[in-house]
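Shared chain: chain A. Partners: chain B in the first complex, chain C in the second.
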Partner chain A sequence: MFLALREIGRAKARFGLLVSAIALLVFLILFQQSLQNGLLTSFTGAVKNQSAPVLVYSVDGQRVLQASVITPDLEQRVRSTEGVGEVGAIRQGTFTGAPLTESENFDTSVIGYDAGADGEGLGAPASLSEGRLPTRAFEGVASAADARNGYGVGDVVRIVPGDAEISIVGIAQEAQLNVGPTIFVSNETYLELVAAVNPDAGVPPPNVLGVAPAVGVTDAQVVEAINGQSLELDALTRSDAAAKTPGVAQVQQSFAIIFLLYALVVPCVTGLFFLIVTFQKAGALTLLRAIGASARSLVWSLLLQAVIILGAGLALGILLYLPVSQTRLGGLELQFEEGAVIGWSIALLALGLVSSLFAARRVLKIDPMEATTGRGVGQ
Partner chain B sequence: MNALELTDVRKVYPVGDSEVVALDHASLTLGQNEILALVGPSGSGKTTLLSIAGGILSPSSGKVVVGGEDISDYSNGQLTRFRQEKVGFVFQSVNLVPFLTAAENLFVVDELGPRTGKPARATAGKLLDELGLAERTKNLPSQLSGGERQRVAIGRALMNDPDLVLFDEPTSALDTGLGAQVMELIRSEMKQRGISAIVVTHDPRITEYCDRTVQIVDGELSA
Partner chain C sequence: MKIALLELRRRPGRFLMAAVIMTLIAILLMFLGGLLDGLIKSSTGAIRAQDGQALVYSQTSEASLLRSRIEPALRAAVEDVDGVERAGGLGVVQLGARVPGKGPRDLAGVALFGFEIPPKGVPDVPPRGTAYADETLKSDGVEQDMTLLLGPARSPIQIVGFVSDTSFSGQGSLWASPETWRQVLGANRPDARLAENVFQALVVQGDEDVASRIDPATDGRTDSYTIEGAVNAIPGVESQRNTFNQILGVTIAIALVVIALFFALITVERTALYGVLKALGGRSRTIFAGLVTQAVVVTLIAAAIAGSAVLVLDAVIPAGSIPLDISLGRIAISVVLLLAAAVVGCGFSLRRVLRVDPASAIGRGS
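Entry: the complex of A and B
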C-alpha cells in the first residue's frame, strides 16, 4: 500500500488524467443508460404501467395500440376463452391537446378504458403518484413527465377541434406513450372526444382488450389459450407487450452495441495505462525485487492502484451523472438509474482489474538479476 | 562465524546447445568486518559471483553460506526473504525508486518485510543524518546529485542491519573525487558497524579502500 499510494501521490497529473478519462467514460455510459431507459419508458410506459396483466391485439395491428382493431367477433372469442377472467376494452387515439395554461399545442395520446365508479378498470394506470383516477366524464389521469406542460393535477386540456375539455385529476409516473403527453380517460369520455373531433366517426371498436386471468390461471396460460383461439389474435403479457412494441428491440440493440464498445474501452484504457506505467518504472520494480520485494507484493501494489484509480473514476463519473440524470432532454425525462450505477460499477471494476492483469504478468516476469545489469522488465 | 563462504561454486548458463561457464569452481571466504575488492575485466564473472553471494542468483553447484545460513538450495521465495533480511545492495546504475524521497527509499526496506513503522523511520532518519543527507530527506532522487544518490543507496543497504553488503561498481558513475569520497564513506560505515562487504570494481584505485583484493578472470578466482 505504501508504494501504491506514494506513486499515485507523486504522479498526480498522470493518475489524475486516467481518473478523468475513466470518469468521462462512466458518465457517458450512465447517461446513455438513462437515455435508453427514458426513451423506452416514454415510448411504451403507458403499456407497461397500466393495470391489465394481458393485452390482446389483432395480428394486423402489429402490436401497435392505435393500429390494432378488435372486431366484435374477436372480442367474443376472447371472452369465451377458458381461463379468461375479466375483459375490458381499451381504445387509443392521438389528438391535438391544448392545455389552457399553455400557448402551445401538443400531440396527445388518449387512452380509454372501461372505468368503474371508482375509476378502476383494466387499462387504467397501475399506480398514481398524485391525485385520483377519473370518476366522472371528461376527467383524466396524465403522464407525470408532462405535468409541467399544462398536464398537472387541476389543469384543463382542450382537445381540438371540437373544444372538448379534460380536467386532469391524477398523475401517473412513467405512463407516456410515443414520447408525448398521455391521458387515461374512461371509454365514455374517449368516445365523446372522438365524436367531438369527428362527428361522423361513429363508435370505434376497441383497439386492444385488457384481460385478467381467472383465479388459478397464470398470465402465460391465458396468453397461450387466447392465441390458440384464432390466428387473428395476438395476446401478450403486459411486459411482453411493452418489450415487443415495434422499434423497442431495435433501440435496445443499438444501445447494446454502444454499451459493448464502452465496456471494451474502459478496460483497454486502464490495462494499457498500467502496462505503460509498468514498462516506465521497470527499473524501480527490478530494484525492489532485488532488495527483497516479493513479486506478489508488487502485483498487489499494482492491483491496489487499479482499484483506487477505477474507484475514483467511477465516483467522479457518478457525481457528473447525478445532476444530468435529474434533467429533461427534449420530451424525455431522465432518471438516476441506481441499478445501472451498481451494475456498471461492478462490471467496470472487474473488467479494469482483469485488464490490469496484463501489467501484473509483466511484473511477475521481472528478474531481480537485471538490477545488476541496469535493465528492467521488457527491456 | 564468517560473513560469506563460497565453496566450489559453479554457475553455468545454457546458450543454445552449448554452455557458458560464468563461475568455475569458485571458493572464497569473507571474514567478519572485512571489505573485499573483487576485481576483473568485463565478463569475468564478477557480477555473477556478487549475485550468487547476495541470493539474487542460485548456483548451478557448490555451497553458499552467508552469515552462517546455507542458501545454496533456497527456493525463489526463500531467496527473496533472505535478501530482505540479510544482505544490502548498492548497484551500479538503477539504485533508487524515482517516485520515493530519500527517506522513503530507506523506509521502503521496512515496508518489504515485517513492518516496524516508527523505529524504521527513526533508523532511516539517523542513517541519512550520518551520511550527511539530513537536509535532503524529502528530496526525490531526481533532485539529488550523483554522489548524494549513491549515499542514499548506501543508507538503504544498511537499513536492514545486514550481515553482508554487496557493492557493484559503486563509483562508476561518479568522477574521481566524488568516487573517492563515496569509497571513504563506504569504508567508514562498514568498519563502524562491523559489517562485511564485497566491492566489485574494475578500477584498481578502489582497492585501496578494501582490506583484501581478489582477482577474477573467466570465472576463476585468484588472490
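Entry: the complex of A and C
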C-alpha cells in the first residue's frame, strides 16, 4: 500500500494527466445532466407543476398547449363525461414581455386559467415560493427562474404591443414553459391581453381543459373515460402531459446516447492507463514477488491506486461542476443535481475499478521465477 | 518514421485500446456535432431559404413570426425605403395535419406558410387550396396529390410538389398562397387571425445593405434583419449553438489529454530504446516525428471507424425521432479537430524525448 502511494507521489505528471482526463469527463457528464434536467424543467415545468391533475388537449394540438384548441362541442363532451368532477379552461399564448425595471424584452408565455375569487382554480401554479395567487385582473404569478429579470414580486411586466401591464404578485418554482419567463393570470386577463396585442383576433376558445376527477375516481380512470368520448380528445395525467410534450422524448434519447458514450470512455481510459503502467513496471513487480510480496498485496496496491485516481478525478470534476451548476445558460437555470452526482460517482467508480481488473489479472500472472531470467510479465 | 509505422503494423495490439478510446470520443464529437446541425437545420430551414436581403418583423415581435404584424401602411413605408426593390409578405401557422391512411390520433405537425416571394427552391405561388410540402413530411406518409386536413377546422390542402430544407421549428413546412394561409389561419387560430393584406413579416429584395436602412426609415416601427441575422435571431438558435460548441470544446480537450496520456506512457516505456536510437545517431526530431505519426494514424483509424458508425447511426435512427444531421463537412471538421488534438497531445512527450541521454544506452540490457 505504501508503495502504491509513493508511486503516485513520484509520477505526478503521469497520474495527474489521468486525473485530469477523468475530471473533465465527470464534469461533462454532470454538466450535461444538469443541462438535460434544466431543459426539461424549463420546457414543461408549467405543465408539471400546475394544479389540474388531468389535462385534456385536442388531438390536433399534438400535446402542445398553445397548439391545442377545445371547441365548445368538445368541452361539452368532457363536462358530461362520467367521473369528471371540476373542469377549468386553460389558455396559453406567447407574448413579448417588457419588465418595467429592465431595458430588455423577453418572450413570455402567459397561461390563463379560471382563477376564481381566491386564484386557486384548476391550472393555477401548484405551489408558491413567495407571494400569493392572482385574485384581481392584471395580476400574475411568475416563474421563479425569471424573478431576477424583472419578473419578481412587486414588478410590473408590460405586454407589447398593446401596453397591457401585469403586476407580479407571486412566484412559483419550476413553472417555466418553453424555456422562458412564464406568467399565470386569470382567463379574463388573458383575453384582454389577446385583444390588446391583436385587434383582429376573435375570442380564443380554451387551449386545454384542466380536469379534477370526481370523488372516488382516479386520474387514470377519468383519462380513459374522456378519451373514450371522442377521437378528437386527448386526455393525459399531469405527469404524462409533461413527459409526452413533443421534444421531451427526443431530448432524453439524445442525452442517453451521449451519456452512454461518455460513460464508456471513463473505464476505457482508466483500464488502459493501469494496463500500460502494469506492463511498464512488470520487472519491478516480478522482483517484488520474488522477494516475498504476495500477489494479493500487489493487486490491492493497484486497486488502491485506481480508487485514489478515480476518487481524485471525481472530486475535481465535481468541483469544476459546482460553480457551473449555479449559473444560467441563456434562459435555462441549471441546478446542482445531487442525485446525479451520487449516481454517476458510484457508477464511474465501479466501472473504473472493473476496468482496472484487467491490469490486476496481469499482476496475478506474474511468475516470481522470472526474476532470475530478468523477464517480466510484459515481455 | 518508418520504425513508427512498422511498429503500428507489427504490434497493433499495443495501440488498440487508445484507438478504441479515440473512436468513442470521435463518435461523441460527430454525434454531438450532427445533433447541433440537425437541431439548427430543422428549426431554421424556412428562414434560411428566403430569397431576399432582409427580413422585416414588427417592432416588438422579438424576431418571432407568430408575434409579428405588418400592416399595409407599414409595408408601404418599407417599400419606400431607399434601396428596396421588392417586398413580399410572409406568414405562418403551425397546425396538426391529418394524413390520409393514418390513424385518427396520428397527426403530422406542419407549418403552413403563405408567401409572395418564392423562397429558394420553392416554385411560384401555387393555386388556392394547394401547397408545396417539405420533403421531411414524406416520413409522415405525405405524398404528391394527397389532400391533408389541417387543424381543428380540417382545412383541406392539396400537395402539388415537394421542396427541401425548409423546415420550421422542427416541423415540416407547407408553402401556399397568402390567401390559403390567411384562410387556414383564421379558421383554426381565432386568436391569431389577421385582416386582409396584413402579414407577419416582409421579405425584402434590394441592395446588400438594405436591412440596415429600414428600421431608421420606419421610425423604429420595424425590426429588420439580414437573412443570416434572422436565422440567428430565432429564439434558442444562438444558445443551442453556444452550448453545443462548449461541450464539443471540452470533448476535444479530453481527446487531447487521452492522447497525451497514452503517448507519454509509451515514451516512458521506450526511454531505453530511444537512448539506443540516439546513440546510433537517431535525432530527437525523428523520434518525435515517429510518435506524431503514430498518433495521427491511430486518430485517422479511429475517425474512420467513428465516421462509419455515425453514418450507420444516422441511417438507422427513425426519421422524426432524434434530429440528427450527419454531413461529410461535420465529419471532416471533427477529424481535423481530433488530428489537431492528437498532435498537440503528443507535444507533451516532446520534453521527455529531448531529455533522453544517448549515453544511457551504454550498459543497458538489449
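Just so we're on the same page, the second predicted complex is superposed on the first by the 376 of 379 C-alpha atoms of A that agree within 3 Å, B and C clash if a C-alpha of one lies under 4 Å from a C-alpha of the other, contacts with A are read in each partner's own complex, and residues count from 1 in each chain.
Throughout what follows, contacts are C-beta pairs under 8 Å (C-beta built on N, C-alpha and C of every residue); 3 or more make two chains touch, one makes a residue touch a chain.
Nothing here was measured: the structure is a model prediction, and the numbers come from that model.
A.B. asks: Scan A:Ser294 for contacts with chain B and chain C and give back first, second, both or neither.
C.D. replies: Only chain B; A:Ser294 stays clear of chain C.
A.B. asks: Quick check for you: in the superposed arrangement, does A:Leu353 touch first (chain B), second (chain C), both or neither?
C.D. replies: neither
A.B. asks: In the superposed arrangement, which partner chain does A:Leu316 touch: chain B (first), chain C (second), both, or neither?
C.D. replies: A:Leu316 sits against neither chain B nor chain C.
A.B. asks: If we overlay the two complexes on their shared chain A, which of chain B and chain C does A:Ala126 touch? Say first, second, both or neither.
C.D. replies: After superposition on chain A, A:Ala126 lies in contact with neither partner.
A.B. asks: For A:Ala67 in the superposed arrangement: first (chain B), second (chain C), both or neither?
C.D. replies: In the superposition, A:Ala67 contacts chain C only.
A.B. asks: If you count the residues of chain A that each partner touches, which comes out higher, chain B or chain C?
C.D. replies: Between chain B and chain C, C touches the greater number of residues in chain A.
A.B. asks: Who does A:Gly271 touch here: chain B (first), chain C (second), both, or neither?
C.D. replies: Touch partner of A:Gly271: chain C, not chain B.
A.B. asks: Starting from the residues of chain A touching chain B, keep only those that also touch chain C in the other complex, and list them.
C.D. replies: On chain A, the residues that contact chain B in one structure and chain C in the other are 374.
A.B. asks: Using the touch definition from the top, list the residues of chain B that touch chain A in their complex.
C.D. replies: Residues of chain B touching chain A: 47, 50-51, 56-57, 77, 80-85, 89, 91-100, 104, 107-109, 111-113, 140, 156, 160, 168.
A.B. asks: Name, in rising order, each residue of chain A that touches chain C in their complex.
C.D. replies: It is residues 13-14, 17-18, 20-21, 24-25, 27-28, 31-32, 35, 58-62, 67, 69, 71, 93-96, 98, 105-107, 160-161, 179-180, 194, 197-198, 200-205, 231-232, 234, 246-247, 249-250, 253-254, 257-258, 261-262, 264-265, 268-269, 271-273, 275-277, 279-280, 329-332, 374 of chain A that touch chain C.
A.B. asks: Touching residues of chain A toward chain B in the complex: what are they?
C.D. replies: 2-3, 6-7, 10-11, 281, 283-284, 286-294, 297, 368-369, 371-374, 376
A.B. asks: Which residues of chain C touch chain A in the complex?
C.D. replies: So the residues of chain C touching chain A come out as 17-18, 20-21, 24-25, 27-28, 31-32, 35, 58-62, 64, 66-67, 69, 94-96, 104-105, 107, 109, 151-152, 170, 188-195, 198, 235-236, 238-239, 242-243, 247, 250-251, 253-254, 257-258, 260-262, 264-266, 268-269, 321-323, 348, 365.
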